[in-house]
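Both of the next two complexes hold subunit A, though its partner changes from subunit B to subunit C.
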Partner chain A sequence: MPTTSVNWAVRVWAVVRKDLTTEFRTRYAFNAVVMFAVVTLTMISLSLGLNEPSKPVLASLFWVVFFFAAMSGLAQVFVREEEAGTAPILKLSSSGSVIFFGKMLFNLLLLTILAVVIIPLFIVFFETAPANWPLFLVGLLSALIGLAGSTTIIAAIISKATVKGALFTVLSFPALMPLLVAAVEITSVSFVGGGFEEILAPLQLLVAFDVVMITLSVMLFDFVWRL
Partner chain B sequence: MLKLDVNNLGKRFGARAVFEDISFSLECGQSLAVTGPNGSGKSTLLRLITGLLVPSSGKVNFTENKKKLDFDQYRKRLAIVAPYLSLYSSLTAAENLKFFAEVDGRRVERNDIDNLLAEVGLDGRADDFVSAYSSGMLQRLKYAVALLKNPDILIVDEPTVNLDENGKGIVRDIISARRKNAIVIIATNEKEDYPLADNICQLGGQGMGGR
Partner chain C sequence: MTAVIIMAFTMPSPMSSEFSLGPVDAYRIFYFHVPVAWVAVLAYMVAMIQSIRYLRTKDIIFDIKAVSANRLGLLFSLMAVITGSIFAKLTWGEFWNWSEIREVSIFILLVIYGAYFALRSALPDREVRATMSAVMTIIFAVSALFLIFILPRIYPAFSQHPTDSIVDEQGRLTMSPMVLVIFSLSMIAFTALFAWMYSLTVRLERFGRKVISR
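So, the complex of A and B:
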């Protein structure tokens, strides 16, 4: 059959497009992630009542909701492949780096959608918005990249396990601890209207975390994926 | 010249040995039928050869002009059709074929996809969702996915399972055509499939013999 070759980016995009199409038709991860976020935000808002939490507490609550909502859906990228029996043919169809970055980009898109849903709801429920939006968005973007990279390799690991659901959160929490601490700190500063000089240390930590986790994940992925 | 060497291959699941000490070599243009009773390890042997399973002992090596190929080099030239492999049920047949071509680094046009589907007897079904396919149609689609690669190594587990007489004829023609230029290994207990291979490897204690 006459064919022309395509470059690495097109191959990665093929994985993203396939996962987006599948997600759009089944709403497998999207519904779980968004419903978890909405329910949790509503519950926290109702339980707080008329009490007005401090800005650092609100920043922590934002990331607690975000983290657990993400945990409810991000593992699906690999769990679905294993459970549907499509993993073996995918292993024989492409290199590990293409699969990893395709799945990571899909998770990043899912997290971005989650952020778009959570942020307005958070502003409405808690009547608070970041006083410094650029700073908030820089912190959010750095955290999302690290979150997508880390959870993609962890999802690949737990997809081989029998007890998948609980294991994903249990493994992710310690691995993501530095990321969450830095993200909470940046969000807290953005809520009180601080400047960039106040977030330099946590931002450096976040960027370093992103680089180290994604590099390690790429190096380990072939071994994990071919198990 | 592409060559497959299987040396003293063995696989255990826990304490149970599925098989031990299997050795054979195949070159392009040679084919092998693996037979044996249920549980004798036919599918396990095929999975070990493809690299989807890790052997407990022995080695599987693909070489070209005496240079060893790593997994990423030989997987590009290898295609497998097996009942335990699934395709994406929420995608159409055409979307599946386009995905498997692109993710492997090739771009296919719509008329190539239509021609490929016609070759396996699925003309006019390109835009049907795979979830709506019967088991026989799914088996035909798996052959279309395998043929996308124009493979130098074709591995087929139960080649004619779920197929009607017309489907069996198509599949046997595909395998016969591939045998001339590729390494072909089939796992089967159907005597009608034996002529598709030059040699037969009987698992379950009967050894290997030429046919």
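So, the complex of A and C:
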């Protein structure tokens, strides 16, 4: 069995690498996501002016910006395949779970880049750094895994639809609602500077959500992909 | 159904005046609001079961059934939101409050139904539409489970629904016999109403498809 699982990981990595290469050629998803984040952050910062929002408000603003920026780019992984007409070849080349995890990892990378861009900007614009960094990062990482895990299958679903962009957000929001509530809670605690025991309950929820959503997506992915 | 309506307005209010937060008569809406909300959730469960059956068999009839259940679910959740916010205005003083988990849940249910029909309208091919909406129904159901059953346990101060109206903190029934009779009658009546409307909608959908395919 070890050879097959190694083989599986190599195939997943091949999908990620292929997506990275196509992404570097156009940088479409990257540009969309980063520019969206910069534009919304600037707008919030400008309109707030000299008003100083409280830290829980900042935490929810952070996730509003993050959610919508992510929504502008995450669907690209499958939309691109449909538009270029490469989806059938991808179907021939590997099994459903390989494609799913490859696309999910690519989205996770995209989200990580987005986080790397947003966090410094956020600190500069609002002059608030998380008081408890480890807590902030733990919450962020598990939220990113959940975001990538549950939106990948939605991206595959909407790639077949006639209107893509708006529908992706509409479908993702109800599915991601528990994740967003828990993520805002954790970020808010980390901004205020609370201890680990304060985020234990939302973190459990978040990890459970990640595991359940990824399992469910893998189970359902073949129905969507092999249509 | 008629008996329920008559009894709901003629019998004494389900809430005794010393515990009541607003006008006592406002609590009569309990006989309609709770069954309507229950049917909204029931419709979603039916839709989810039919969606799973569709994915297993790929028989288009299960897709028709799932759409019909979702149509009714949209209607009933809208009614639950409206009746609920009238009650909320009279007793808690505002139409809407985001810190109340059951209001959030019913709202999410409404958003889910909206998203479901938005997705369907964007997929032209019949088989693709049926499969995609079935998959999405299952994903939404799991996500809603997290929201409805797990969030209130994490944030215990989240609910301000009258807990003492159906069950108390220990989970015992606290309704007086009369209230219990009307309430159960109403639950049965609304469930039967749903079953009847559901079979009508399924037949209507089937005729509609036949006409289109001709």
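Observations on the model:
Following the convention adopted for this analysis, the second predicted complex is superposed on the first by the 221 of 227 C-alpha atoms of A that agree within 3 Å, B and C clash if a C-alpha of one lies under 4 Å from a C-alpha of the other, contacts with A are read in each partner's own complex, and residues count from 1 in each chain.
Convention: a contact is a pair of C-beta atoms (placed from the backbone, for glycine too) under 8 Å apart; a residue touches a chain by one contact, two chains touch by 3 or more.
Just so we're clear, the structure is a prediction, and the values are computed from it rather than from any experiment.
Touch criterion not met for A:A59: it reaches neither subunit B nor subunit C. Once the two complexes are overlaid on the shared chain, A:V15 sits against subunit B while remaining clear of subunit C. Shared-chain residue A:L140: touches no atom of subunit B or subunit C. By the touch criterion defined above, A:L92 reaches subunit B but does not reach subunit C. Touch criterion met: A:I157 reaches subunit C, while subunit B stays clear of it. When the two structures are aligned on the shared chain, A:I214 is found in touch with neither subunit B nor subunit C.
Of the two partner chains, subunit C is the only one touched by A:P174; subunit B is not. Contacts of subunit A with subunit B, set against its contacts with subunit C after fitting on chain A, share not one residue.
By the touch rule above, subunit C contacts subunit A in their complex via residues 55, 108, 111-112, 114-115, 118-119, 122-125, 127-128, 131-132, 134-136, 138-140, 142-144, 146-147, 150-151, 154-155.
Note for the complex: subunit B touches subunit A at residues 47, 50-52, 71-72, 75, 78-80, 84-91, 95, 98-108, 112, 115-116, 145, 147-148, 150.
Within the complex formed with subunit C, the subunit A residues making contact are 150, 153-154, 157-158, 160-163, 167, 170-171, 173-178, 181, 201-202, 204-205, 208-209, 212-213, 216-217, 220, 223-224, 227. Against subunit B, the residues of subunit A that register as touching in their complex are 1-6, 10-11, 14-15, 17-18, 21-22, 25-26, 84-86, 88-95, 98, 102, 226.
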